[in-house]
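Residue numbering begins at 1 within each chain, and the chains themselves are lettered A, B, C, D, E and F in the order written.
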Amino acid sequence: MTQKLRIGKIATLLAMLEEQERASYSSLLQDAQCCEGKVGSMDMQKVISAVETAVKRSGLIQDGIYRETHALYHAILEGLEGITRGQWAIGEMMRTVGLRFAVVRGEPYVDSGEGEWIAVAFYGTIGAPIKGLEHETVGLGVNHI
Amino acid sequence: MTQKLRIGKIATLLAMLEEQERASYSSLLQDAQCCEGKVGSMDMQKVISAVETAVKRSGLIQDGIYRETHALYHAILEGLEGITRGQWAIGEMMRTVGLRFAVVRGEPYVDSGEGEWIAVAFYGTIGAPIKGLEHETVGLGVNHI
Amino acid sequence: MTQKLRIGKIATLLAMLEEQERASYSSLLQDAQCCEGKVGSMDMQKVISAVETAVKRSGLIQDGIYRETHALYHAILEGLEGITRGQWAIGEMMRTVGLRFAVVRGEPYVDSGEGEWIAVAFYGTIGAPIKGLEHETVGLGVNHI
Amino acid sequence: MTQKLRIGKIATLLAMLEEQERASYSSLLQDAQCCEGKVGSMDMQKVISAVETAVKRSGLIQDGIYRETHALYHAILEGLEGITRGQWAIGEMMRTVGLRFAVVRGEPYVDSGEGEWIAVAFYGTIGAPIKGLEHETVGLGVNHI
Amino acid sequence: MTQKLRIGKIATLLAMLEEQERASYSSLLQDAQCCEGKVGSMDMQKVISAVETAVKRSGLIQDGIYRETHALYHAILEGLEGITRGQWAIGEMMRTVGLRFAVVRGEPYVDSGEGEWIAVAFYGTIGAPIKGLEHETVGLGVNHI
Amino acid sequence: MTQKLRIGKIATLLAMLEEQERASYSSLLQDAQCCEGKVGSMDMQKVISAVETAVKRSGLIQDGIYRETHALYHAILEGLEGITRGQWAIGEMMRTVGLRFAVVRGEPYVDSGEGEWIAVAFYGTIGAPIKGLEHETVGLGVNHI
């Protein structure tokens, strides 16, 4: 069960690195399907919807299958634990997020019986609803799909 | 209050990238003091101690000052929220972690009045206490110091 | 302090079983006062209100007494921990619930000094706000009253 | 995506009902693979291990496949949220559990593309580490497998 | 349901004030039964036991009645939420507490139908397991009994 | 690192004591800057804003400096853990708060290298959104600034 593809690392790098910073990682990024996006909000619903919509539009998961939606949803929730560090509330607690996200689907394990997994990474800022009063935040969720 | 130094991004990259993968990021890593380490355990105390010991040994924080220990401690706790995604328990919940960590101290903001901040990043695996039954996990905590 | 009346089990069975499935449990259901209801919502306030209103209307607790409202409220909150498994948020996290609930009040313990207790059980589905993209969920809260 | 098999309801009934109470539910219990067990402990590791061991021994999941262990593990954790109602700690918080558990694997949805899911249910008592100073508790976790 | 006796305020004052500081509050402290104690530990079990033992020894609750033990236990847990601010773990997270506690039992409400309630207050320090690397912490739990 | 100024105790006393009850504590209250206020709401945003606004208006923290806002914000969040005892939600969970708060800034430790810290205390009631159906609640957060 050694890992051959670090989908969590790839997703986190995609969420963190600017276009020009990725050059040297092109080799890391092959063999995995991925999709990316951005969202800024005080409303957690909008953050979750932004990821779900981007993923469905990109065809990364099958839209009509609950199984895949369920796997993605729990990976998103786990990623948001890292972002909020404690409780999922943002606007309710007077804070806002500005996030880039990346979702990677692939086979991380050498043993093909392990099948496909999904990784959802977020990187950006969290802070007061005033430009600049914010610091960095990262989150990653990983699930079997 | 624009950020000039992404201490969270630097810490996360240091925790995630192998030595040979860092070549192209050398420019990103200047202007910040940092320290790195590794820890594998089912015992959260050992994970926290590993970071605290590495940080104090490296001189990144002043050992005799509670203020700095307090800043570091809360940054570690926030990083561990991302690692555990929900509750800090590892061994108690029959899971183990194998982590690399990096701690970065620096001035992230253009305005020098914002002073120094500290970022604690973890990257590695979490899973059953059986080699290979594990997936990736990431956590980042950021605090003023 | 042996239990003679399993108010939690009765409440959970009432929340889970259809009318026609209850025939063989009629003996289980005597000796306890109960009330039942249904609620579907993305709004936790509506779920809590639905239970509180049903309970007050049925006369299961005394409306004017805070003591009984307090006992019921904490039993509801504990039941909702099982439903949400982690954090009480539903709509905020882009999920919705469709629940049946049952509240049972009675004396569970042989020793009459233990007095009355209240059990609040929920059973139904939780999932995306799209019909069918959901799975089952159960929750039970028990409190002295 | 209508549900044809309520694996969560079956698991909860199996965990709650005594042998003699199950007669009238024999029809409910077909079409699903299941395994059952008991555990009493102040140590959450023992509770988790008891379920994992029973499941693996019964052949309900494939032992060598992390994917299935991962699905089971998260279902157990979600079930334990209902049991502990707030935080997973038992012995650390001076409380003990006496639980029966049931794990059901099957295809809950009409659409065969939804595949197999797993439900882990717990029913029993939680309370002070003194016989009788305890009340009922229920938990259910459901996951795709 | 106006409050005539602030059992939470009394408990918190008792936990916070030194003997010599209480002189001017003697009037506040009448009409309520109370008990006090101290505990320092990295082990939450010891903190909970210290309160339970002090309360039972003082006769503030009836030892043989689960109902009263249950009311006290949940009040303790709620008080410990304030102390730990997030998760109940202390030693596991490399922190220790030094606490004074006070438990007050009485009738807070004008309406005698509201009966007796119990308040558990903690005041002291929380911090690293090194003398002085600590800051203040307060917690209060209130329950009907 | 012995404490010379108990900013947490002072803040809690200020939040709890009526004007006429403070006479005998005047000596306790010197050497610290403080600000006080009141807020009643079902909306956590309003509670947080009330504190932040009062603090900024009083000049207790520097408005344009994120560092100080960040220290205050986390102290508020920690204080609200004690108030909500479990999860920060109030209105969403059908409960409301009526709180007095006090914020104290000062140097708690003998060693001047420890610098300034901030304490945020809340005292009041939490309960159903019906006058009188409520009990007392306390919370304290402490942070370096």
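By our rule, a contact is a pair of C-beta atoms (placed from the backbone, for glycine too) under 8 Å apart; a residue touches a chain by one contact, two chains touch by 3 or more.
Everything numeric in this text was worked out from a predicted model, so none of it was measured.
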Using each chain's Cα centroid, which is most distant from the centroid of chain D?
F
Select the interface copy of D-E from among A-B, C-F or A-D: the correct pair shares over half of its contact pairs, counted by residue number.
C-F
Taking each chain's centre as its mean C-alpha position, how far apart are chain C and chain D in Å?
20
So, in whole Å, the Cα centroid of chain B is separated from that of chain F by 30
On a C-alpha centroid basis, what's the spacing between chain A and chain E, in Å?
43
Two or more other chains in contact with one residue: find those residues in chain E.
1, 66, 70, 86-87, 89, 92, 109, 117, 132-133, 135
In graph terms, with chains as vertices and touches as edges, which category applies: line, ring, star, complete, or other?
other
With touch defined as at the top, which chains are paired up in contact here?
A-B, A-C, A-D, A-F, B-D, B-E, B-F, C-D, C-E, C-F, D-E, E-F
Would you pull the chain C residues touching chain E in the complex into a rising list?
1, 62, 64-67, 70-71, 74, 109, 111, 113-115, 117, 143-144
Can you tell me which positions in chain F touch chain C when the two form their complex?
86-87, 89, 91-95, 127-128, 132-135
Listed in rising order, chain B residues that touch chain A in their complex are 1-3, 6-9, 12-13, 16, 21, 23-25, 28, 78, 81-82, 85-86, 108-109, 117, 119, 121, 123, 131-133, 135-142
Give every residue of chain E touching chain D within the complex, in rising order.
43-45, 48-49, 52, 66, 69-70, 73, 77, 87-89, 92
